[in-house]
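First comes the structure, then the notes that go with it.
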Amino acid sequence: MIKTSCFEDYEIASSRQSFGRSIIEADIVLHAGQTGDFFPRHMDAEWVKTQEFKQRIAHGTLILCVAIGMTANEINPVAFAYGYDRVRFIRPAHIGDTITVTATISDKRDDPKRPDHGFVIEQVEARNQHGKIALACQHLYLLQRREVA
Amino acid sequence: MIKTSCFEDYEIASSRQSFGRSIIEADIVLHAGQTGDFFPRHMDAEWVKTQEFKQRIAHGTLILCVAIGMTANEINPVAFAYGYDRVRFIRPAHIGDTITVTATISDKRDDPKRPDHGFVIEQVEARNQHGKIALACQHLYLLQRREVA
Amino acid sequence: MIKTSCFEDYEIASSRQSFGRSIIEADIVLHAGQTGDFFPRHMDAEWVKTQEFKQRIAHGTLILCVAIGMTANEINPVAFAYGYDRVRFIRPAHIGDTITVTATISDKRDDPKRPDHGFVIEQVEARNQHGKIALACQHLYLLQRREVA
Amino acid sequence: MIKTSCFEDYEIASSRQSFGRSIIEADIVLHAGQTGDFFPRHMDAEWVKTQEFKQRIAHGTLILCVAIGMTANEINPVAFAYGYDRVRFIRPAHIGDTITVTATISDKRDDPKRPDHGFVIEQVEARNQHGKIALACQHLYLLQRREVA
Amino acid sequence: MIKTSCFEDYEIASSRQSFGRSIIEADIVLHAGQTGDFFPRHMDAEWVKTQEFKQRIAHGTLILCVAIGMTANEINPVAFAYGYDRVRFIRPAHIGDTITVTATISDKRDDPKRPDHGFVIEQVEARNQHGKIALACQHLYLLQRREVA
Amino acid sequence: MIKTSCFEDYEIASSRQSFGRSIIEADIVLHAGQTGDFFPRHMDAEWVKTQEFKQRIAHGTLILCVAIGMTANEINPVAFAYGYDRVRFIRPAHIGDTITVTATISDKRDDPKRPDHGFVIEQVEARNQHGKIALACQHLYLLQRREVA
């Protein structure tokens, strides 16, 4: 859905919640194929039995992509993806884990270079089916201010 | 290749360079499919003609995944992916752009919680075929120190 | 988004419009791979030059899947996909065509077997970038009536 | 195989049978990716445990595509795909179900607009490994009559 | 189609011809993803401009897989894939090339270890749209002899 | 990594070993999609229960592609892929099998047509997690001799 929301419209602490998505074996293998990262911790079901987690783990970038994608359900023509801060892989995600994502507006900042814009920071947390955080990051959006929208 | 490199082995300013990889139309459509982000700026070749860049742009997460994957060519059993800082989408990547990645050790830090480990920070820059930076980020690794490796 | 809408909530002639999506060469090749239909009209860029349309055409089922998928942006827990009627491939879709979809409630019917449900029929039309209809069909939903929802 | 069969060559009640194909988890996730339909009934292995069927179900369009694809093993240069009638999702298909398809010529009709063509209707039924019908539809072909082929 | 053909049924010099299939950019990128071979001759549209062929080339294994797949249109329950001999990459295949395959029974041999079986050798040649051979190989089948089938 | 190695640099009996890669169900289904080979021994989990191996088997070409890809980790600008000899499918690979590859220089030969080049033959063996050989082949490279490199 398209919804025009300006810098002033975002309220700190407002929050949204995604549906769940189960990470399947093929997600990992296809992500290896898209990125070229075929490291055995993702691809070798035998070798991982000798390691700490005993099972294959999803690429960090896979969980990041999926988590960010799960929050991409509203098109705001005056918002621009600026980047991410403090992306942290807190707990591995394994095959069969189901991820849900919470996104909460955690901060707003002026943009010293662009007085007619401002930054909105959304804290993104991807949790597994046990409610444990697998990944956290801050998603930075550059937003037009109302007077210029 | 497996190569055990401890915290002490990383030297600030040492650098490595990837090959190139051309971003194709299907990379974007498949990334939409993996993430669920089908926004028209990625998917609608007609609508984008009315927009600033006149053509479809790759998802930021696609360029991040590909850039990180292009640096994943050495397995270090005593290195752990910790996260990313300051991921910035500096310039859009379009269909047909060819990305090369430079990764430079930019910093090393103690880990206050784990005295036998330390952080190594690698500055990752993905450039297009014109030498312009499309994406930059800091890749944080947690490394064992030699005495414990 | 989740939104509970009962049989009574659907109004004949109400309509919704999708974004656009460009059909790429890889969509056709991947659909061939998912279905096993590698017929030369989809796969052979040389042979099609000898045929009426001079270029490869998308599988009818690809356009149907994409069109239906483009309307799947609202989860209604009391609606059930029942089927499609009168699916018609009116005009071929070629590589590079951009599809947009209009979905209009065209009819409502009682369900003789389930008095607490009713059928809502949505007329789905997929148009190309020239505004010409490529595919039309009726999407049948079985909806709970309010008194039972 | 190429085989030219005209309208007159199709006999009502003649039938053909496909091999089997097992629907895997990745078929569903890739179909979500091709269509953009990531609804939790297809993607969330946890949530579906709370629902009637207790497990993820394949998209209706996936089963339709696969079933139609399984019958696409003969190229008839004088046959044209016209559309589908009465597509019905009779029973859900789950991960691991194996689908086989029976296609039976069920009707032939004149085409009032094209006296040198006629419609052949093939009743397509996709059954699971228990012999239960998952999907049924009528596949309409427009066929040249012999005198014009 | 299932067709039981025994060792005795194969005639030297009998031949079959496939349809055409155009090799697309995504075939190469997806094959890189399935195999992990992201070498710049397949993936880097800029670097290849400096090389002999000026454009990206398909992986040899991609053309082999596609060519063998294009001959896999008949299931013979008494034939077993034994291997390939003399696989030769004679000419590179580029994006947009259209491959057709000719398969000719070129030899039959006894199997010294299995007197009730014999080898049938099929010469497979994949040609591009200019009629030039891109790949040739011998496909070895182990066939039951009639008396034992 | 790029490493220029001439004909003279290859030593008979020198060997290298890959990591492991687990073959997943989706590898087989995607390989069916890339090649068009949907034979029931790869795709039908029910029918294979009636057959010798009781479970689906990977396409021979899939294991060949993966095995060759697993050895493609060094770019040698003076080496050219020439072909394969004696590709043999010795044991089927099943879903969940983990493949590792050993590649050993087994022979070197002059090239009568190109006195400034020579052939290096690498014996490739793909073993499953039980150490049993699934596939063996000879990979032929055409190498520049030092005096011309």
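First chain written, first letter: the chains are A, B, C, D, E and F, and each begins at residue 1.
Quick note on the criterion: contacts are C-beta pairs under 8 Å (C-beta built on N, C-alpha and C of every residue); 3 or more make two chains touch, one makes a residue touch a chain.
These figures come from a predicted structure and were not determined experimentally.
Enquirer: Name whichever of B-E and C-D has more C-beta pairs touching across its two chains.
Expert: More C-beta contacts join the chains of C-D.
Enquirer: Name the chain whose C-alpha centroid is farthest from the C-alpha centroid of chain C.
Expert: Chain F.
Enquirer: So which chain is farthest from chain B, going by the mean of the CA atoms in each chain?
Expert: Centre of mass proxy via C-alpha means gives D as farthest from chain B.
Enquirer: Measuring centre to centre with CA averages, how many angstrom lie between chain A and chain C?
Expert: Taking the mean C-alpha position of each chain, the two centres sit 30 Å apart.
Enquirer: From the mean C-alpha coordinate of chain A to that of chain E, what's the distance rounded to whole Å?
Expert: Centres of chain A and chain E (C-alpha means) sit 43 Å apart.
Enquirer: If you average the CA atoms of chain B and of chain C, how far apart do the two points sit, in angstrom?
Expert: 37
Enquirer: At least two partner chains per residue is the criterion; list those residues in chain D.
Expert: Each of 19, 25-27, 30, 34, 36, 38-40, 75 in chain D touches at least two other chains.
Enquirer: Please give the residue numbers of chain A that touch chain F in the complex, ascending.
Expert: 25-26, 29-30, 38-40, 43-47, 56
Enquirer: Going by the contact rule set out above, which residues of chain E touch chain A in the complex?
Expert: 30, 32-34, 36, 38
Enquirer: Can you tell me which positions in chain F touch chain A when the two form their complex?
Expert: Per the stated touch rule, the residues are 19-22, 24-27, 96, 98, 129.
Enquirer: Okay, in this complex, where on chain E does chain F touch?
Expert: For chain E paired with chain F, touching residues are 27, 30-31, 34-37, 39-40, 60-62, 64-66, 68-70, 72, 75, 81-89, 137.
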